[in-house]
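Dropping the structure in here first, questions after.
Each chain carries a letter (A, B, C and D) given by its place in the written order, and its residues are counted from 1.
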Amino acid sequence: MVTSGGDAPGMNAAIRGITRIAHSKNFEVVGFERGWNGLLTNSFRWLTPRSVGGILHLGGTILHTSRCPEFKKNEAIKKAAETLALNNIDGLIVIGGNGSFQGALELSKETGTSIVGVPASIDNDVFGTDETIGFDTAVNTAVSEIDKIRDTAFSLERIFIVEVMGRTRGFLALAVGVTVGSEMILIPEVKYENERIFKTIRESEERGKKSAIIVAAEGIGDTRKLGNEIEKATGTEVRLTVLGYTQRGGNPSARSRLLACLFADKAVELISERHKSSLVVLQNGEIKSMRLEESCKTDKPIDLSLLGLAKILAT
Amino acid sequence: MVTSGGDAPGMNAAIRGITRIAHSKNFEVVGFERGWNGLLTNSFRWLTPRSVGGILHLGGTILHTSRCPEFKKNEAIKKAAETLALNNIDGLIVIGGNGSFQGALELSKETGTSIVGVPASIDNDVFGTDETIGFDTAVNTAVSEIDKIRDTAFSLERIFIVEVMGRTRGFLALAVGVTVGSEMILIPEVKYENERIFKTIRESEERGKKSAIIVAAEGIGDTRKLGNEIEKATGTEVRLTVLGYTQRGGNPSARSRLLACLFADKAVELISERHKSSLVVLQNGEIKSMRLEESCKTDKPIDLSLLGLAKILAT
Amino acid sequence: MVTSGGDAPGMNAAIRGITRIAHSKNFEVVGFERGWNGLLTNSFRWLTPRSVGGILHLGGTILHTSRCPEFKKNEAIKKAAETLALNNIDGLIVIGGNGSFQGALELSKETGTSIVGVPASIDNDVFGTDETIGFDTAVNTAVSEIDKIRDTAFSLERIFIVEVMGRTRGFLALAVGVTVGSEMILIPEVKYENERIFKTIRESEERGKKSAIIVAAEGIGDTRKLGNEIEKATGTEVRLTVLGYTQRGGNPSARSRLLACLFADKAVELISERHKSSLVVLQNGEIKSMRLEESCKTDKPIDLSLLGLAKILAT
Amino acid sequence: MVTSGGDAPGMNAAIRGITRIAHSKNFEVVGFERGWNGLLTNSFRWLTPRSVGGILHLGGTILHTSRCPEFKKNEAIKKAAETLALNNIDGLIVIGGNGSFQGALELSKETGTSIVGVPASIDNDVFGTDETIGFDTAVNTAVSEIDKIRDTAFSLERIFIVEVMGRTRGFLALAVGVTVGSEMILIPEVKYENERIFKTIRESEERGKKSAIIVAAEGIGDTRKLGNEIEKATGTEVRLTVLGYTQRGGNPSARSRLLACLFADKAVELISERHKSSLVVLQNGEIKSMRLEESCKTDKPIDLSLLGLAKILAT
């Protein structure tokens, strides 16, 4: 197996699960190190039920991960395919997000090794699965931190912008915004106009609310500039917090761990059945598989009706 | 609305949600206090969007709750129906668990008021819904605490029994046991024999594990006695922790809050549509409704296949 | 009493403590609202043992707080003195930091009311006290979050800069840096040269460390620019997180609560004894008092020997 | 070095600190495993700055620990002294509590090796030091959990007894009781009569408090029995939670880590100076040393004035 791309809490739970389930089915297991780089340099370690002990509850990934831009080139893909052949590897489980699956799909065209994707990403932006490993943890981390900011918002009666991760997608910002009861949620999928923001804040003040929290995905643009503009328009001081990398780490939540265990089980099953290239997914509460290609070529839709509900809930 | 039975984290989120959504539909909202007692004594307070501010993230229930054994008697039910009539109440939302819904069902037979149940319980034992408000929080609380016990288990190399809540059902113990990687999970739904427990512990030691954590639902019997028997049989010291009421409280997890918001939305919709007696549920990722009676008369099945997976994951 | 300036976790614990202890000595207690503004507008509420129930564990301040720039002007000070006289107030307890005490000192020159300062600030920069209410909480909050970032630092093998609060002083950054084991600590009190930073990072890499965490107080300058320069010089990717307002909020730690209780006890005692203007302090484990003037005119020294220890501890 | 007796959060921070500081002074460092047993069986591992990386924030002890009853016998002490001689060990740092120091004192009589005690215990019962490593963490853990119980206490309006660790001493219960605002604190050092407890609860109810939390050290006797008696006397339902081993584990608090770092620094200094047998202590905010013997033969006094303050604070 390999962990690739940005890390997500629960990756270690998946590593442990895959290793132990695979051993119970008499597979031998290795973990390539530092993402795709491990396949380019044939750098791996043996994984046994004992060597993956004590990691279930730890954030990050013991196999390390990395972004590997050269993995988009054909040469690199071929090198990786050779590494798989060299080591007689029957199946490769790729734990990661969209970028990693794109690479996995390319790789599957150059190798006979069965390839299975396991969605792990705090962004939750993988098409085909309702949830990725790590998403629930990142939401909870952001929520706990914004609960703390709420204390100061209440005491100081100001406006707070909290920037959460999400360069292109707003799944995290949306889930966080609803569950902290933020007065406004800004996501890349929805164009916003400054005037409408000012208006919402003014209406909120008129209803008797003296502080406001705006949750914004990093992908919506320059949040610092937005803060300045709100200050100018409303006359209320605005404070910005960028949660940053705290959202990636931490002990995985129970749900992220459970998902990792269930995905691990399905992934080993798919390897046993020698599927060419597939993805493990959660759909309507059920663990299933889909074609990797289908996930890679489709953008995951976002449920915008939640925005409307959030607005009513923040009245 | 009324909160009834044991409290669960997220009840306040539901109170806030129902109040604000109902107001947006031009309902007036009151909250009866101290569970069914509030209906017996006509004790309630008005709830407005402002008065439910600042409670989304708090455990417990601002309306207070109580067990109300006399609510099984016909006299009490009639008194509650009178209170509803006296105050011209169109719809009553009951936030609670199985016991509360039994009472709600009886009440619905004596009144024309539309009654909607919203499942909130750390036990997750309500038939018809995949999850109750508060369950995810309780699982995470127990998991965080057992992660701490794992530190000592690792350092002292002993066996730890952790008793989690669940007098009759093992949903909480099962979810907790899988996600902390416990070496054994004991739930009321599965008879266990001491000999099998001793054997499992010995096998675990033979595989090189020097500590073990056993997660047990309180309903499986006397955990202190079990600990003594394991000590005698295996010669390894056993320590018991009873997590107790810490599992009921605490800030609700993001998921418990989200569920509370979605259930609130559906509950107000059902009241608007004047359903006689219904229950809001989560089924396969969707918010739906079902007949209250159907839920009340059926025991919720538990997915025992997780026990097998947990066993492999703990190897 | 009044809470003034930036809020700090434990202010509510102090409000509760002062109220209940003062009541036990037969004082009546009021709380002015929104910092000094409350004294300018004669806006206060009565505080009783019951009305301060349930707030001990909450961050922020139920009295609200604000920065009040006009309180530097003589006119405002006189207005505040009039408010004290108007309400026959015997003693005023000011819960806040350096700025608030400067105002309190000015006010004490215009009034016969006994004034006592209670140091509450996440910056811990009040001369005369070893610790302020809220400092321990802020350190723990930052440490928990950096522990999470450490997961990703380990997995992705990059350099992380974490900016913590502290515009002019480095107490928070120093305490946080030592206790998270950061590879470097940058504080306003110590000039740093880029070359030395680059050298330290290179040496750390040579010792086999593949990631590094730099804790920087916000007052050291532009951390984003610093990150870019480190990237250029070392060739390793650098990521920045600005912890921001999460450090101000959250439930107070046990130590911040205890300090609040002990300070409250001493503050009421000083009011009883009608000291003109004094400050409650913790010195070498003992609760004492000192002249407010002495604290106001002196800069608190910082223990730089910790920096040397931190360096050895990070080898 | 060796970690002995019950584990405490921050032991790993001490191991890391001692190793790195000692290396910076050109010592070589080994860690004996499983407490005194490691000295009886000559079982140890080499510790280097790299091998103690990544453990600062982890609870428990990587060296494992154990209770070792045979270490009270002269034969065992002599065996341990032989192990020290065999390995040419100049100095032994013992990280633990009272029991461990008693053993260390005996050992120092049989060996020329310099022995230094580092107080680490959640009980804080070591004479001579104001605080032990791990105490602050245990207090915070218990406080967080009781904050959760408070949610239910508020909602259900009952009485809750929370049993915290402390078989013979009440330092933990006292600190926890004050900082959660418990209505009553029961510690082994103070005899209590049931009648006084009933009276306190009744008075609390008369003041308008509908729930109460009693914090009791495990050493005060059978808390379950006490609960039943309170139920009978007051007519209010009583619920018991036994926090148990959750108090031992978890990531160390900032303060426990800082103390571990400072103690480590002093301990290595004392070894360098070849003190026969000494103890590192915190006294009035300063790190000092004292004779091990003096600590061993004296009971640590407890500050009972806090009980009086707690009573006023809970009015």
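Here are some notes:
As a working rule, a contact is a pair of C-beta atoms (placed from the backbone, for glycine too) under 8 Å apart; a residue touches a chain by one contact, two chains touch by 3 or more.
No experiment lies behind these values; they were computed from the predicted model shown.
Looking at the partners of chain B and chain D together, they share no chain. Interface chain C/chain D: over half of the residue numbers present appear on both copies, so the contact uses mostly the same residues. Farthest from chain B, judged by the mean position of CA atoms in each chain, is C.
Taking each chain's centre as the average of its CA atoms, chain A and chain C sit 35 Å apart. Per-chain CA centroids place chain A at a distance of 28 Å from chain B. If each chain is reduced to the centroid of its CA atoms, chain B and chain C end up 39 Å from each other.
Residue positions 147, 150, 154 of chain C are each in touch with at least two other chains. Per the contact rule defined earlier, chains pair up in contact as A-B, A-C, B-D, C-D. Against chain A, in their complex, chain C makes its touches with residues 3, 6-7, 9, 11, 34, 58-61, 64-66, 141, 145-152, 154-157, 160, 239-246, 248-250.
Those residues of chain A whose C-beta lies close enough to touch chain B in the complex are 16-17, 20-21, 23-24, 49-50, 53-54, 56-57, 130, 136, 139-140, 143-144, 147, 150, 154, 175-176, 178-181, 207-209, 251, 253-255, 257-258, 261-262, 265, 283-286, 309, 312-315.
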